[in-house]
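Consider the two complexes below, in which subunit A is the common component and subunit B and subunit C are the respective partners.
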Partner chain A sequence: MRCRFVPTVIACFKWVVDEAYIRLRPSGDLDFSSVDYKIGEYDRNAIEAAVRSKEALGGKAIAVTVSMPEATKGVKDALSRGTDEAYFVADSSFGNLESSQTAFILAEVVRTRIQQYDLIICGEGSSDLYAQQVGPRLAEKLGIPCISFVQKFSITKGQLVAERRVEEGVEVITAPLPALVTVLPDINVPRIPGVKDTLMAGRKPTVKITKDELPPMGQPLLRTVSITASRMERSCEMFGTDAQEIARFVGSLRKRGVVG
Partner chain B sequence: MAGVWIISENRERVLELLNIGRQLAAKMGTRVSALLYQDSKEVQDCINHGADEVMLLPPLSRDQSPEIYIPVIIEEAKKGDPDLILLPATARGKDMAARIAAQLDVGLCSNCIALNFDDGSKSLVMERLAYGGVAVQTVICATRPAMATIPPRTYDTAMPETGRQGHVRELPAPAPSAVKTLERKVKERAAKDISEARTVVCVGRGIDKKDDLALARQLADILDGEIACTRPIAEEFHWLPEEVCIGLSGVQVKPDLYLGLGVSGQVQHLTGIRNAKVIAAVNKDENAPIFKAADFGIVGDLYDIVPKLVNELKK
Partner chain C sequence: MDFKFTEEQELIRKNVREFCVKNVEPIAAEIDENSRHPAELFKKLSDGGWMGIPIPQEYGGAGADFLTSIIVVEELSRSCSSTGFTVSTHASIMCMMILLFGTEEQKKIYLIPMAEGKRLGAFCLTEPGAGTDVMAVTTTAVLDGNDYVISGTKTFTSNGPIAGTFIVFAWTDKSAGRKGMSTFIVPRETPGLRVGEHFKKMGLRSSQTSEIIFKDCRVPKNNLLGKEGAGLPMAMAGFDGGRVGIAAQCIGILQAALDESIRYSKERIQFGSPIARNQAIAWMIADMATELSAARFLTYHAAWLKDQKLPFSKEAAMAKLYASEAAMRHTVKAVQIHGGYGYCKGAKVERLMRDAKITEIYEGTSEAQRMVISGNVLR
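Take a look at the complex of A and B:
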């Protein structure tokens, strides 16, 4: 009798600053003082893809994050979105990790704690810094195939088939499992957890890992010198809706030479 | 050996990277090498546009994609010790850059929008957007080689010069891989390439139903422009194809005129239009963030305003 394929799928996510709460001080500096946090937009697609895989094939969906201890809320959010268990690597110094460091820690957790897995899913990038490196770097650290920018995939025993979107079109790629995919935002529409999901999330297991339990990570390979407000200098001229104003609006466009 | 290395499979991207690569190499007192895939017809073209050396990768078989070259490139980089490696910030370029950076254990500035060589510290200072475009992050690679991916069309293509000479070198074939390309579906463009358009009319959530796109299209036709959309229109409603979706994770445009219809102006979208010469917007919500990023704005219902604009433009 053939064994049924019940995959273990890992979704990685980042607990990020909600950029909608970043204010601009009159001095032009960025004000992070009243920010809220969220699971990165693109990582919600990764979590949803892992949960859908479990719903279709059985097996397990695991959420993993590396963050500050305050991200407990994010771990609960990931669990209420349908993952079965979570691995939460927390340290107060993990607020500004660089991609290579995050990938190093994730690789350690996958290799030494989770051990058995079939597929790792990452978002196409984090919605804060959007470096789009953790997925590919993690795959390289684990020595597994990496298929990025995937719009659709299926897994069968030992095998991944993924549709990958590149500039020229779509490539259908096959790779042996375990493998890693980064998924595009249009691969699915992430569910919004209900009250019941949130209640159930509290009973699901979370494995907490501290910095001391892991081998020491290296220094950041990319050093951030500054983060400043990006300026879009625009004239912000407003117009009314009556015929005269519409004519003035079109006149302004003509004056700038952008309308014939 | 050192030098600035340029890696891309697309001629346009190679020429753009040669432009910035050459400028940087001159300041750094080094030379430019380009890694080309397959097509040796482009060797002299590449040398004419500024490459001092071309490294040629052997042709791919049908079931291979350029990613198979990653181990070859890594080996070559370990031997050649480049100062800087540049790739385009395309899907393939970003993927390959991150994997090469991981194997070389070096830093990578992704989606880099500005690179400057600081003569004092002898380091490359690079800029990129962060927090959906609200912020500019300035970074320095702490390791060698420095690496960056640069969005398409950030730089103009390099100007050719006649009589340039360059060295050509063939690189070894890659080892077989268990990752195979089963099929390639070349994109049949449902729409014109909006990244090259002089005028872009963009629809956002303010549009009620798919049929109403005709209204926007009418305006685009009069302006001789292309139609584009925000993320929800393409990804949630599927009213327009993905390839005309503007934003951080979509297409970045730089038209003379961008006209937003019912576009609220989330930062991710604004990032995609920041290089437009003129930004104009119509939205019924006077507090829509797009007005803060626009040169000209009309607070009004697009269903009322667009026909009026069409009339006025016909005059």
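Take a look at the complex of A and C:
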């Protein structure tokens, strides 16, 4: 009798500021005083992909996050989206972790707590900083293959086949499992949890891990000096399409210092 | 006091908002214009478990508290008042009445498909000559062997053209006065039940409303809901929950009016600056935001009292009275802020203003709410 492949798929997510609540001060600074939080947009795709894998093949979908202790709502959100259990690594100092630190913690949790898994899915980048670092760094720390920019994938026993969207087309890549993929929003449309899904989420198992239970992680090396909103200025200059006008257009860009 | 929602309630609000942006907002103007019931939308609402939110899971609902259902009605109404109302009246009156007063058999046969959204409910009390004056109802139910035979005409029946299950009030003993009215569950397929044409209304146009005519309509004794003669108090209990639902609908309308007014007044340039910088406009928006907040607290408090199983009849009437009159007042202001653009079809505030008016009329007029409130405080 053949053994059925029932994978364990891990979805990592970040609980980020919901940009709809960020206000702009007259000075151009961002006002975060009344913000709410949400699961990052691409991370919702990662969770949905993990849950769809479970629904298609059986097995288990696990949500993992590293965040502030207040992110319990985010954990319930991830569970309401169909994941079976969650690992919640929380500490009040985890509000501004660097990608390398987040990857370190996630790797520790995957290696020592979850142990058996077939696939890890991360969003291509977080909704707030979009550094695109955590996925590849996590794969590196775990010593597993990493495929980024994934718009479609399938898994069978021992093997992953993933479509990467690259600039000029689609690249199809295979890799042995366990592996890690970082997914694009094109991969799926995340479901909207129903009322029952949300109400049942709190009853699903959540493993809470504190900072003290982890080995010491490295110091952050990056420092955010400031964040300001980008401004769009329109000078309402009109250009034609003939050679003379194009030259005038380039001249105008040079004059403003946009091109050298 | 704790003014904080649970994490689940906050998530459900976000989810229903996302659902509305994707599924309700894009069709709201069209279903209003065509007075169309969007069956495809209600299928999605049923699939998501949004139709029977406060009903226990064993009876097909989501098993949430009443306050959660109020949050959902508020958010639905922010996008489409008709949709919010249809969900609200179905869950907080029809489903709730069978849950509260039905036998186990009635819950299994009627409540489960209703809470799952497979059959909509309709409440048949109002008649051509009996609005606020419920004692003027003329519909009768006469016991004949093992059946009741219902005869009479109901009107302004919300969900009438699309409902599968009707809750009908009729005299079983007119001479007994307030103890002579009874309530019946009547499936749509019952011979003798005829659904009239959908009324074309000023607002709330995609909510379906019609006459329901009963002519020698025979239902088994088992379809009596609650005890014979207990119809009036049951109707009043149904109204109490329903009024909090209407108040939630009004909050949704008010929030939408505020959203639109803030957006437009910041965009609209007159005399070289956005009209929001004019005190006349800014103060209209300040009043709108303040009364919206007041309406919210009254509504959530009434819902909370119901969840605590405390008396909430007066609070429900207060919430409905205040929220509906605030919705009317401020949707008129929202149109004023939008000027000529707000008076044209396609402007959301135009629909909001038409939708607001009915909230001062149905589930008891503002005058009826004042009767309930004064009756309570003057005791």
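Structural remarks
We take it that the second predicted complex is superposed on the first by the 233 of 260 C-alpha atoms of A that agree within 3 Å, B and C clash if a C-alpha of one lies under 4 Å from a C-alpha of the other, contacts with A are read in each partner's own complex, and residues count from 1 in each chain.
Following the convention adopted for this analysis, a contact is a pair of C-beta atoms (placed from the backbone, for glycine too) under 8 Å apart; a residue touches a chain by one contact, two chains touch by 3 or more.
Quick caveat, the model's predicted, so the values are computed rather than measured.
When the two complexes are overlaid on their common chain A, residue A:193 makes contact with subunit C while staying clear of subunit B. By the document's definition of touching, of the two partners only subunit B reaches A:249; subunit C does not. Comparing subunit B with subunit C, the partner in contact with more residues of subunit A is B. In the superposition on chain A, contact is made by A:100 with subunit B only, not with subunit C. By the touch criterion defined above, A:201 lies against subunit C but remains apart from subunit B after alignment on the C-alpha atoms of chain A. Using the contact criterion defined above for the overlaid structures, shared-chain residue A:137 touches subunit B, although it does not reach subunit C. Of the two partner chains placed by superposition, only subunit C is touched by A:76; subunit B is not. In the superposition on chain A, contact of A:170 is made with subunit B only, not with subunit C. In the superposition on chain A, contact of A:38 is made with subunit C only, not with subunit B. Shared contact residues of subunit A with subunit B and subunit C: none. Those residues of subunit B that touch subunit A in the complex are listed here as 10, 65, 90-92, 94-95, 98-99, 101-103, 105-111, 125, 129-143, 178-187, 199, 223-224, 231, 234-236, 242, 248-249, 256-257, 267, 270, 274, 277-280, 291-300, 304-305, 308-309, 311-313. Taken together, the subunit C residues at the contact with subunit A in this complex read 7-8, 10-12, 14-15, 18-19, 22, 47-50, 53, 57, 62-64, 68, 72. Those residues of subunit A lying in contact with subunit C across their complex are 36, 38, 72-73, 76-77, 80, 192-199, 201-202. For subunit A in complex with subunit B, the touching residues are 17, 19-20, 22, 30, 42, 98-100, 103, 124-125, 127-133, 135-137, 139-141, 145-149, 161, 164-176, 184-186, 189, 218-230, 232, 234-241, 243, 245-247, 249-250, 252-253, 256-260.
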